[in-house]
């Protein structure tokens, strides 16, 4: 079964991104497909490569980047939500005249249409937020 | 009277940083002193210079940077909270081996001691959060 | 030695206002801001709880947040007063401490 | 055509669980996760409201979130069942849609 | 038409205190282009999103409430509002903005998009969806 | 000693679902170095922070509950816990961890840091502070 996942809260502040990660891992282990995870609202902040969590804590961004690498999961960050919150890739940074970008490997920035498309193409959609 | 301000939520997602800005502006207009504003929890995300809000919306970071420039308000971002969430200055980026930083003019990164100090030195402490 | 209590969450979604009202002391002030201003609405399921405190405690709502949400000041519970940001600043200065019910 | 409802907020702080219980249909499932697992506690001021629904609706809590918070499964309301992440996945697959009460 | 799904956007939060109401509306507008069967549900504090007379100059935040009136142009015409949620908040339908659409199946007659429903009816609406997005 | 202020850290949120409990504790630890008169208040869902037997391996989040037991070493010895908040949640004092400190004014005798107080007493504690930090 194809399960799409929406993450609506930022890393560390809310448990949403952690619970979603455990859920997706379990879904894949059970033989389901998770073709895409969509990051919206503060969820876009999961995608920053600049975070430096304490050594004895989990690294949420690296968890997700690792999952994308291993399973080819499409990690999509909403462009509108990302712009408000200062999450940019190189392209966006150039386009907006910003001198730096902060997106991590395995994530890509795209439009809200990708969320709707996920809803249409997946058999289930599960939301993790606050 | 000296009023210290603590902001505990991120920009755009919660109204806290907007309400705090209006409050500080009104406090200064009323003749009070706001020597320091401390950004904690997701509040650290107010300090990113990479945000690009829609043209017809307020720019929260620029509001605060402007206030710091005009009134000399000390805008302090908690270092521990900032590291978790990927908000770095040049120094921190170098120290952590990161290839970019994202802090805006007028903000500085420092320790939680600055929050306690603000509580000791100010006559009042007002918290804006969620 | 009075306290200014601020409440910024809708009392219909969150228990913060009720917990605040359970801990205020006579002579304290309560200021509802942001989504908290809905706590000032007359005729709601929570109006009586707020009105019951509005005697021993001064209850305020932030005018600008009220306007943003399309609520006319005439809709407020009797004894609840709208103030602007300048009034917010005065309340902070006039009381001895501020406690946020986040 | 059953729905899986997820609730992730403490029912002592937030109205989400009560609103969820007011909208579930017979045969639906409710899964409490994250701070929502406190809604499964027996002997609380909210236990009766949950127990009253636990007949017509299947009520679950996420075992890992329960353990994290130091709550023994023996403390759960009768009729509330603990499941792991694998059980969470099964519930999503077995129901027709998932609705999050954020 | 097996590729048309029923999408429900569930709005349970008040506007301005948090961004969820605004960003929910942004999804609805983008989603309209996908020609799915779209409904919006307003319950709990979500009913506050639809109050008329919102003026946000004083808080420095953009007033997005006029956008609800444009939803008809995007063929988003089913806005379910829960009666009990209004009542618990001391509100009536008169406190909400008028939101209309032109019904192309009925000679473009203007009709109200807001449909006041009971809690039980809202539960029925929710149970009749393929995809539920919560904000 | 006019530069010693009474600081109260108010904890009203459950652990792990959000980070406030952990980041509150981080402020308390740093603040201890400033030699102020420190108290902690646990009420509403904040009482859940102190439950014993927390095991977080399953959720992949760090278990910070042992840190509460170290507070005595930082001379943070006044942890007020509201009785009514416990009762509403079906909890008793037995559900909480034992947190002790050594009283230097009483021949280093071990004493409990947790003080169960009524709601009215909690209101008195709150009203007796110079600085109130809410998490």
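Think of it as A, B, C, D, E and F in the order they're written, each chain with its own count starting at 1.
Here is the rule we use: a residue touches a chain if its C-beta (ideal position, glycine included) is under 8 Å from a C-beta of that chain, and two chains touch if they have at least 3 such contacts.
Values in this document were obtained by computation on a predicted structure and should not be read as measured data.
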## Note on the structure
Those chains that touch chain D and also touch chain C are E, F
### Query
Using C-alpha centroids, which chain lies at the maximum separation from chain C?
A
### Summary
Chain centres computed over CA atoms; the one at greatest distance from chain D is chain B
#### Entry: Chain pair, B-C or D-F, that carries the greater number of C-beta contacts
D-F
### Distance from chain F to chain A - Cα centre to Cα centre, in angstrom
35
### Message
Between chain E and chain F, what distance separates the C-alpha centroids? Give it in angstrom.
### Response
43
### Summary
Per the C-alpha centroid definition, the whole-Å distance linking chain D and chain E comes out as 27
### Query
So which bits of chain D are touching at least two other chains?
8-9, 12-13, 15-16, 34-35, 64-65, 84, 97-98, 100, 102
### Task
Would you please write down the residue numbers of chain F that are in contact with two or more other chains?
12, 16-20, 44, 59, 61, 131-132, 134-135
### Contacts with 2+ other chains: residues of chain B
8, 12-13, 15, 19, 22, 41, 54, 57, 80, 125, 127, 129-130
### Summary
Here the pairs of chains that touch are A-B, A-D, A-E, A-F, B-C, B-E, B-F, C-D, C-E, C-F, D-E, D-F
## Note on the structure
Counting only contacts in the complex, chain C reaches chain D at residues 12-16
### Query
Contact residues on chain A for chain E in the complex?
6, 8, 40-41, 80-81, 111-113, 115-117, 119-120, 125, 127, 129
#### Entry: For the chain F and chain D complex, residues of the former touching the latter
12-18, 44-45, 48, 51-59, 61, 63, 65, 88-90, 95
### Summary
Listed in rising order, chain F residues that touch chain B in their complex are 3, 5, 7, 19-20, 23, 26-27, 30-31, 33-34, 36, 131-135
### Task
Can you check the complex and tell me which residues of chain C touch chain E?
8-10, 12-13, 34-36, 38, 41-45, 47, 63-65, 67-72, 75, 84
